Each structure stands twice: as structure tokens, then as C-alpha cells.
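The next part holds the structures, each set out as C-alpha cells.
Two complexes, one shared chain (chain A), two partners (chain B, chain C).
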Partner chain A sequence: MTAPRMLHPGAWWLWAVALAACALRTTNPVLLSLIIAVAGWVVVSRRTDVPWSRSFASFLRLGLIVVVFRVVFQILFGVRVPGTTLFSIPEVTLPSWAAGVSLGGPVTLESLMAALYQGLRLATVLACFGAATSLCSPYRMLRALPTVLYEAGVAVTVAFTFAPQAIVASRQVREARRLRGRSDRGLRAWSASALPVLEGALDRAVALAASMDSRGYGRRGGASVSQRRRSVGLVLLGLVALTIGSYGLLDPAAPAAFRLPALAVGVIALVGSLVAGGRSAERTRYRPDPWVKPEWIVSVAGIVAFASFVFADRMGDALNPSTNPLEVPAVPVVAVLGLLIATLPAWFAPPPPTLAAVSTSMAVAA
Partner chain B sequence: MGVIALAGLIVTTSGRAEASSCSGPLSGGEIRVVVVVDSSDLGGGASATCLVVPAGTTGSQLLARRSAELGTGSVRYGSSGLLCAIDGLPAAGCGDHNAGGFDYWGYFIGRSGSWVFGNINPFTRRLSDGDIEGWRYVRGGTGSAQDPAPRIVPSQSLFPSLRPGEPAFVEQPAAASGTVPSLSSSMTIDVSPEQTFDSLDVASIATTTLEPIAVEGVALASSRTSDSNLGRWFAIAAVFVLIAMMTGGAWIQTRRSQ
Partner chain C sequence: MIRFEHVTITYPDATAPTLVDVSFEVPEGELCLVVGVTGSGKSTLLRAVNGLVPRFSGGVLAGSVVINGKSTADLPPRDLADVVGVVGQDPAAGFVTDYVEDELAYAMENLGVAPEVMRRRVEDILDLLGLHEIRHRPLASLSGGQQQRVAIGSVLTAGPRVLVLDEPTSALDPAAAEEVLAALTRLVHDLGITVLIAEHRLERVVQYADRIVMVPGDGRPVVVGTPAEVFGQSSVAPPVVELGRLAGWSPLPLSVRDARRLAGPLRERLAEVELSAFRRTSRVVGDVVAITDGLQASYGPITALRGIELQFRAGEVVALMGRNGAGKSTLLNHLVGLREPASGTVRVMGAEPHRLSAHDVVRVAGLVPQDSGVLLYHDTVAAECSASDRDAGLDSGTTRSVLDQIVPDVNPTAHPRDLSEGQRLGLALSIVLASEPPLLLLDEPTRGLDYGAKQRLVELLSRLADEGHAVVIATHDVEVVAAVADRCVVLAEGEVVSDGPARDVVIHSPVFAPQVAKVLAPLPLLTVHEVELALAAVGDLPFS
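This part shows the complex of A and B:
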């Protein structure tokens, strides 16, 4: 057993994104449930004491809402598909220009199951991101980001810290409601606190970005105006291309041009911005997080799981079980084994230091 | 239960003989519709089939009905509900990418005398008397009105003429040069892929009692071997035991840490 320390946040994110990519490749409810269970098990085994480590449960709840919405929307507005009609809701005949949209009509078991599978897939992706948020500190993630992203400083900070800040803010709003003697459960409490939570989370993220800015994050150095503009343009191009490329990589149905070519364009543009800025050497890092054996184990475990899904897909295993006609989903053994490998971080990642241990070590150091 | 009476007048050698009342009197709540299926691009042919169905039948029920009457195998749907194959064509694949477009079964509506691209869901489109439905397998199509329509032109002459005394449809000039025997009760016109309309095969089909179409999907699902289903259930149970163990372990860990 390794000594308690924080794992490199990049390793956790890589592992979680790999699991999310697995989820995007399948609609098999058995595999999706297993992915959620794997993520949950690792989170419970290796999370810290900090407030945002409770965010996994919040993401699970959000996922449940997503599933319910998906099914209800299918019943009300979904495309009508043939199959076993369970019940019918009143049908509105729409004018011919609204062809293709249906409002009401027969609800088939097949359409409900398809909606359930798709909702579960989205819920699983949410759970994976919840796992990443619970497992690592957003501040450490910001520190570990490559220098080129500093140009997009505020946007990156908000993107990475909004979810954990929202968890912290929702906790505070609930506590405030309880202190005022109001209920903190139920739909009314939820709707009353939604706006303050969103506002608070954004405020905190922007405040963090501002404080980082004032400490030199995203500082432009001695570059001239034209140099600066060029590097900002390249960063923008690179980020857009990277976004498209990662979308293409995650979605198996995307056209081929959106995959590796887009990623390559993004990387080239980002490297170009580094060169154009000419200030890659100006930064130093205080106590950088190491990337050693546990980091390798965690990230490789995620990648192996993803590879097992790609392999199972190539072998023709039922990653997307048919819902029309409805069939009992098969369980691809390769994919299950890959997901079991993804549980390895629960044992091989170093346990995070507890708050008590941190304060003791600080006391010793002092 | 519907009783299918084999009392038809057989005109072609290849025709399947089932009796129909497509040229006979309609009882209350029945309508006459023609469904055109053009699989020429897949090596099949183009055919027009007249069917008597209950009023309110949907486009997809009509297809299922046609397959049942002609005995050409049930219609295959994808998991999204997309129609993949009619008459077993194509044997595999469903709306796949091809040459910048898609290979798919295009849906057309032809009441007006020319085909209109049907951007309507056949599962909800309710047919009325005299409707003509068209399906054509399109290669590399864009999924829009520019895609080619079935090769048989929709016209009321696709309906066999009624016996004297029956209300007839307004006849429109027939585009197909073939003549339709007026005494056949129902018919199937087969056109070869080369689009020759001279050789019309006319089959006669007769059904005495009609019933709403049973769901095809259920029959398909249950026709899979039950052995493999049992194995699948065991595999699912095993995975869920695993999930239960993880969830239980996680719950115990959470309790202990609090």
C-alpha cells in the first residue's frame, strides 16, 4: 500500500473520460449499470474529505432526472415506432408542414425501452464526470493544465470549477434554508434554491478566475500586440478543432474528418500558438504533481476498458441491443472484463490524505 | 381470428393465391389501398399490391399486412424504429452511409397522381380510402424530396375496377401501359428492374375476413431461440450480482467512514 497522497488529477480525468467514452459506445443497459457501479466503487474507495467529493451522488440524482425526462418526452413527443402498443395517449393531428413531429399517439414497449437505454447512457456519462469531480480537486486540475490553455484562462477556470462549486454552493444554500426553519427537501425547496445555487457557483468560479488572473495566470509576458493576437487566434482555432476532434473520437457515428484530422489540426494550432507567443519557457511550477506508477495504473486501467469496448464492438458483440424487435441484451464478456480492470484504481491508486493527516503534517512542518 | 379463404382466381403462375375483395364490395369500416414496393436497386422488382384493410390502418401496418399476404417475410426494423428491410431486402444493414448519402427505404405518398416524398412517420400516418403508398430502396440518397421515387407511377388504375354497382374511384390517366384485368379481385403488378411495364404479372388475392395486423416484432422476438435467452438472463444475473457486491461494498465503506 502506497503512502497517502493526492493522485495526479489528469490520471483521474483520463480514467473517467475513458469510462464515459465506453458509455457513449453502448446502449446495453447491463454494461451501463456496470459502468456506474465501477465508477461509484472507485469513488467511494478513493475520494477525499473535501466538499465536492460528495458530488457523485448529486450527479447520480441528475442522471435519474435525465432518464425520467427522456422517457416522459418519448411518451409525449417521441417519434412513434412500431411494436407492442402498451397504451395510447390522445393524438393531436398536426398540419402537414409539421410532418415528422408527433404529439401523442400509441406508446409502444419498444419505444419506451429505446428511450430508457438512451437516457441511461446519458446518466452514465454524467456519473463518470461526477466521479472525476469527486476524485480530484479542481484547483489541482487547473495547475496541471498545459500552458497554452492559459490564454483561455477565465473560460477554462469556470469550465473546470463550476460543477464542484455548484455542489459547495447548494450545500450552503440548503444549510441557510434549514437555519431559517424552511424545509430543504421537496420540489419547492429545490426550485427556490436553484437560482441562488447557479448564481453562487458562477460567482465563485469567476472570483477564482479573477484571483488567478491577479496572480499572473494567463499573463502575456512581453509579447507585442500582433504576436498576442496571433497566438490568441491560434489558441481559439486549436480549442475548437480539439473540441470537434474529441467529439468525433467519442461518437462512433461521426464522419472520419471529425476524428484524427481535427485533433491533429487542434494540436498543431496549439503548438503554433506556443511558438507564436514565444513564452513557453517563462513559467515555473511550484511543487508539480508527479506522474509515477499509480498514475500510469489509473490511466491505463481506463484506456484498457475503452479498448475492450472497441474490441467488443469490432467482434460484433451486442453493444447496442436491439429494441425493435425487443431482445434480451447479451452480455459481451470482453467488455465486462475491461470494466473489471477499470476497478483497479480502487486498490492501486494511493489513498488520499485525510484532513486530519494533512493538518498533522503541517503542524510537524511548522 | 381472421379466416383466409383460398378462393381466388389465379391469373399468374407465380402469383400466390389468396382471395380478396379489392374489387368487391367493402363492408363498413374497410378501405382499399395500394402499396407500391420498388426494390429494383437491390435486384428485386417493383410491385403494386391492392389490399383491403380496416379504416385507420397505419402505413407500417399496411406494410406488415402486405408481407403477410404475399408471404415475403416480415418487415425488419432497426432499434430506433427505422425501417431496414422489406421482403428481406437488404439482407443486412440499416440506413447505412453510402457515397455521401444513405441507402434506405424511402417513403412516398402518391394519392395525387405523382409521388410526394413522405416526410411523415408511417407508424402514425392513417390511411384513407384510395390512398397509394410507395416504398423505394434509394441508394446514396439524401433523405429529401430529391431522392428518386418508385418506378411505378401512382394512379387509380392500380386499383382493380369494381364490379358493376360499386362506387368507383375517379379514374386518372394511367401511366403504366399495362392493362388491368377488370375481373381480378386484387392484383400485384411486378415490374422488372429494367422498368418494362409491358409484362404485367397479375396475381389474385382474396381474403374474406380482415383483422387488424398483429404486431410483427413480438413474433420475431419470440422466434429467437429460447436457449440463448436463458443464457443471456444468467449472464445478466451474474453482472447484476457483481453490481450488487460493488454497491454493497461502497455502502459499507461510506457507513464506516462517517
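This part shows the complex of A and C:
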């Protein structure tokens, strides 16, 4: 067993993004549930006990809401699919300019299942994001970001710390509602506390950004204005190209130019910006996070899982089970094996140091 | 080193500027104390030093702020990081990393300090602030005093010439506050760093200050001078200065040591009279309102409370004291039913609070939490007040009238988040107080309150106790305990270590004794008011 330490944040994010990419390639409910299970198992085994590590459950809840919304929308506005009619709701005849939008009508089992699968897919992606948020400190991720992104200072901070801050804020708001004598359950309580939670999380994120700024985050250093403009331009170009490339990779229907060529352009632009920015930005690291064996295992485990999905797809395995006609989803063995490999971090990642361990060792010393 | 030239700051949507035409200068190597009543704009002034106001707050700054020859109009805070270090009111809110060492190194990483230099400077700061024992600890596991010192260290490693601190001791117990202030005076004396510090608890810092900047608020001009000059005329003064004024001492004493050397004749005079008549008497207590029996609480494997046996009676004010992390807040949370006991029972008015619904619980117990802002989530002060009246089923206007007694003149259309710390606390307090629950719990209620607001709070709590409420305050503020508490419970490591009349508990403690008690020991008087009564009753005030 390795000594407790925090894994490099990049490794966790790579692993989680790979799992999310798997989810985006399939609508098979068995595989999607497996992905959530894998993410959950690793989170439970390797999370620490600070507030942000409890965010996984909140992401699961958010995912559940997404599924419900998707199904309700399908019932009310969805395209009518022929098949086994479960029940009918009164149909509203829309004027001719709204052609293509339907409101009401017969609701079929086939259409509901398709909506359920799609909702589940989104929920799974959310769960993967939640896993990354719970497993690695948002702060460590901030520190690991390349210098050139600092231009976006406050925005980047808010983006990375908003979710964990919202978790802390929501607990506070729930307690505050109780102290003010309002019910802390039910839909009304939930909707009434949404705004304070968002406000609170935003306030905290901005306070953090102010603290980071007054400690030199995003300093100009020795770079001239034109140098900075050049590196920022390269970053933007690289990010846009990478986004298009990832989209192309995930959506099998995308044009070929959106895949590897876009990815290549993105990587080249980002490397170029790193070289340009790295030359001018004066920034150093105190005890850099190492990237050693456990980091390799975690990131490779994620990549292998993704590769198994791509392979299963090529083999013609049922990654997207038919809902019309409805059939029981098959279980593609290759993809399941790949997901099993993705659970390896639960054993091979070093356990994180816990607050409890620190406090009890102190109590013993005292 | 720090120069404000005709600075006027107006926040967006504000009807009047927060600071008007402020001009002053702080030379290098001075410890300068910023004082003023709640909401007068002290935090705004401090945050303007490195340009966080207006760059992060919005608003307009007219005039100029010049630090070490650089104007904040030209440079953003990040480019001043090696000149000015700013520590905010809540140090934990500004932590960027997870561990002590990483936090200390963070500013240096941004400045591009060479790794070898970084290692050495981190070691230096660990020693300077006494942090070496906790260097590998996660920040979330630190006590309040440790967090505050880490926050100071994290800006010091960048090697700034100016250090700006907003109420660095307001959340700390007396011992931890001493720790932080001792570290600060070392920085001023050993390294010649210029320190600008805002603090309401003057009794803690005034003896270290070289210069006072008094921000009166209401657009009146700031007063700048030595402590003796400023306190000669100011209404805001620590107890030891008040005592000096009462006794007519000159020069005015600023520390307990100064006062004690002048207090010989006063002590002799007071020793001749029977003092018990002039002491605030304990209130007559009624029935038991709340009772804990073998109460245990734990956070994971950490035990927070170990078998607490306490009773709280109607009509008494109980002060809950003890170090940061001794279990005070945990006990309060149990009394109001936010947490379920791990074992043992809590009963308030015969019911177990964690089993009551939210609607019922506020009728038996009310809590103002430490971070009082979390209670507020409406758009305006007026909306908060009317929502509170509605929730508790009170006549409309009740909450507002309670608010006016605590902090008068709060703008009803202001957003609660734009209020000052003290005004916000006042608003939260009045929401909880409005429904007048039999058990009233306050967690650090005097944080961010000036002496006037504290005095009004003390009067309000006394009145509520006289009306038969059981009032429990968890606090580090010994002056408030001296002024209002009947009983004092001291917690340590989740156990009750002492429980008795407030006077007996605080007077014998070197940490918890208020300033007047320290000056007059062994005489058992706690507040300036008691001394005044005693002197008036003997009919001669030979010292004035």
C-alpha cells in the first residue's frame, strides 16, 4: 500500500473525461449504469473528507433531475413515435407556423424508453464530472493550469471552484432555512434556496479570486503586450480546435475534418502558446505534483475503457440498443471488460490523506 | 509608504460615497490602526490599499492611492503582490491550496521566485510565525488562530513591505489573538514592515499601535494621530482608556501595564469601600429551559463533545467560552436541533429539538450562527424584515423595530450583502430575536461590532434575560462577558472544565479576565461602569 498522498489532478480529470466520453458513445442503459457504478465505486474508495469531496451525491441528484425532465419533456412535447401506446394526453393543434412541434398526443413505450436512455446518458456524464470534482481538489487543478490561461483569471477560478463552493453553500442555506423556521424539504424549499446557493457560491468564488489576484495570480511578468496577445490568441485557437475535435471524436456522424485534423490543430496551437507563454511568463513551482506510476495507471485505465468502447463500436456491438422496435439491450463484453479496467484506480491510486487521520494522530501525540 | 490623497470611494447604486476626501500618510515601519464605528468604511479603506476596491468591488475611486511610489490606478492587485499583502476578514475564504506549505509558497510561485529561494523563505516564515509544527497539515484541519497565521504567512512569503489586515483577531480566542498580534509586532520591529490593521477590539491592539486612523463615517473627515491624541477626543475607546478618563489619568494609559502603574491610588481608595453593592448582581433565575444529559457528538472519528451535562434556566445569561474548536458551536447546534446527538439527550422546553419541525423549533430555540450572513437571503433589508415577521407570525414591523434597537439607521432598501459586517449581524440577530424564543443562542455575536453597537446588544440581551429568556452566548469577548453574563461555562476539548458565576470564572483567569479586572486586581470589579458607580457612591471623585 502506498503512502497517503493526493494524486495529480490531471490524472483524475483524464480518467473522468475518458469515462464521460464512453458515456457519450452509448445509450445502452446497462453500460451507462455500469459507468455510474464504476465512478461511484472509485469515488467512495479514494475520496478524502473535505467538503468538496461530498459533491458526487449532489451530481447524482442533479442527474436524476435531468432524467426526469427529459422524460417529462418527451411526454409533453416529444416527437410522436409509433408503437405500443401506454396512454394518451389531449393533443393541441398548433398553428401551421409551428409545424414540427407537437403538443400532447399518444405516448408510446418506445418513445419513453428512448427519452430515458438519453436522459441517463446525460446523467452519466454529470456523474463523471462529479467524480472528478470529488476526487481531486479544485485548487490543485487551478495550480496545474498552464500560465497562459491566467489571462482569464477570475473566470477560470469561478469555473473550477463554483461546483464545490455551491455544495458548501447549499448546506449553509439548508441550515439557515431551518433556523428561520422554514421547512427544509419539498420542491418549494428547493426552489426558494436555489438563488441564495448560487449567490453564495458566486460570492465565495469571487472572494477567492480576489485573494488569488492580490497574491500575484496572473501577473504580467516580463512579457510585452504583443507577446501576451499572441499567446492568448494561440490558446483561444487551440481550445476552439480541441473542442471541435473532441466533438467530432464523440459524435460518429460528424464530418471527418472535425476529428483528427481539428485535434491536431488544437494541440499544435496549445503547444505553441505554451512555448510562447513559457518563455515570457516567470512562474515557478514549489514541490511540483509528481506524475509517476499511480498517475499512469489511473489515466491509462480511463483511456483503455474508452478504447474498449471504440473497439466495441467497430465490432458492431450494441452500444446503441434499438428502441423501435424495443428490445432488451445486449451486453457488449468488450465494453464491460474495459469498464472493469476503469475500476483499477480504486486500488492502485494512493489513498488521500484524511483530516481524521491528522486529528487522531495529534490526539495520540497529545 | 502608504499615501491616500483626497480619496473618495462610491459604490455602484450607492446614494452617498462610503469614504469622502480621505487623505493621510503612513510612513515606513509603522503599525497603523484603523478604527471607526460599524459600517464606517474601514474595510473599504483597507481594500483600496492594493486596489481590490474598486477593481473587484465595482464603484468609483476618485483621488489617488500611492503605495511605495506606485499608484493603484496604474497597477492591478496582482502586480502589487510583492509590495502589499492583504489578509481578509475570513482567512479560510482566501485559501487557494489544501496544505500549509503549499499555501505559503503560492504567492512566490506566481512571482516566479527560484525554487531554492522558495524553500528557504518558506522555512523562514514557518519559524517567524511559529508554524513549523503544522507545516504538513491540511488547511481545513487548522484552528482559527492557526489559519489566521497561515494567511499572514501566505502573503508575507512574497516579501511585501506593507501588510494590510482586516480584523485579524475578531474570530479568535484571547490566547490565539495574542499569538497573532505577537507575530505582527515582531514583523514591525524585526523586519520594519508597515502594517495597516482594522480592529474593533481595541483592547487587544491599541498598545501596539504607533498611529491611529479614525474613520468616523457619515462623510466626516478622518482623524489621524497618535493613540493618545485620538482617544483624547474619540467616542470609540477601549476599557482601559475609559477607566483612565474616569480617573483623570494623564497621559491616558493604553495598556494594562500603563494603567496598573497609575492605578495605585484608585485601588487604595476603592479598597476602603464595600464593593459588593456596586457590582452587577446576578439575575433571579427561573425554570430549566434546556438540559443536556451525557451529550456526545462526533465528526467522523473526531469526538467534538464528551458527555456534556448542562442546564440553562430562564432569565440567565450564560457565556460559553473556550478555545477555537473546543466544541462551543457544536453544542449550540445541538441545542437548536441542527445536529442529532451521537449519544445522550438534549431537551429544550421538554422536546428534543432535532425531532421538531423547522416551524416548531424556532418557537423554542433561536440561533444566530457565527457567519450570520447565511441567515439572510432576500434582496433588501425591508424584505428580510417582513419575511421574518411572516415566518414567525409576528405583527409587521416587529423585526424592524428590534433592528433599530441594535443597529439604528440601516437603509431599508440596501441589499443585505452590501451591509457592513456589523449591520449584517445586527439584521440576523433581529430576525432571530423577533420571535423571542425561550432559549436564545448566539454564536460570536460581537464579531465586527463597535463599542456602541456592543453596548446596545448588551442592553438588549439583559432586557431579554429580564423578560425570562435563557440566553446563551458563545464568545471570546471577555468585555461582553463581564458586562452581561451571569454564568460562565468554559469548554476544552469537548468537556466542561469550569461552570460557575461569571465573575468568579473570569476574574481568576489570566486569559479571560477583562481589562478593568486586570488593572484593579485583586478588587473584584469587572467594568468601567461598576467603578463609576462605586466612586459616585463614596461621594468623592478625587481623581477627576
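Note that the second predicted complex is superposed on the first by the 343 of 366 C-alpha atoms of A that agree within 3 Å, B and C clash if a C-alpha of one lies under 4 Å from a C-alpha of the other, contacts with A are read in each partner's own complex, and residues count from 1 in each chain.
Here, a residue touches a chain if its C-beta (ideal position, glycine included) is under 8 Å from a C-beta of that chain, and two chains touch if they have at least 3 such contacts.
None of the values given here were measured: they were computed from a predicted structure.
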First (chain B), second (chain C), both or neither touched by A:211: second
Partner chain in contact with A:203 - chain B first, chain C second, else both or neither: second
Partner with the higher number of touched chain A residues, chain C or chain B: C
Chain B versus chain C as contact partner of A:84, first or second or both or neither: first
Which of chain B and chain C A:50 touches, first, second, both or neither: second
Sites on chain A touched by chain C in the complex: 6, 49-51, 137, 139-140, 142-143, 153, 172-173, 175-184, 193, 195-196, 199-200, 203-204, 206-221, 281-287, 353, 355-356, 358-360
Chain B residues touching chain A - in the complex, by the definition given at the top: 60-61, 64, 77-81, 119-121, 123-124, 215-218, 220-221, 224, 229, 232-233, 235-236, 238-240, 242-243, 246-247, 249-250, 253-254
Contact footprint of chain A on chain C as seen in their complex: 50, 52, 56, 76-82, 84-86, 88, 90, 93-98, 101-102, 105-115, 118-119, 122, 137-138, 140-141, 154-155, 158, 300-302, 336-338, 357-359, 361-363, 366-367, 369, 371, 374-375, 377, 388, 391-392, 417, 431-432, 435
Parts of chain A lying in touch with chain B, wherever the complex brings them together: 27, 30, 33-34, 37-38, 40-41, 43-45, 79-85, 91, 99-100, 102, 105-106, 110-111, 114, 320-331, 336, 343
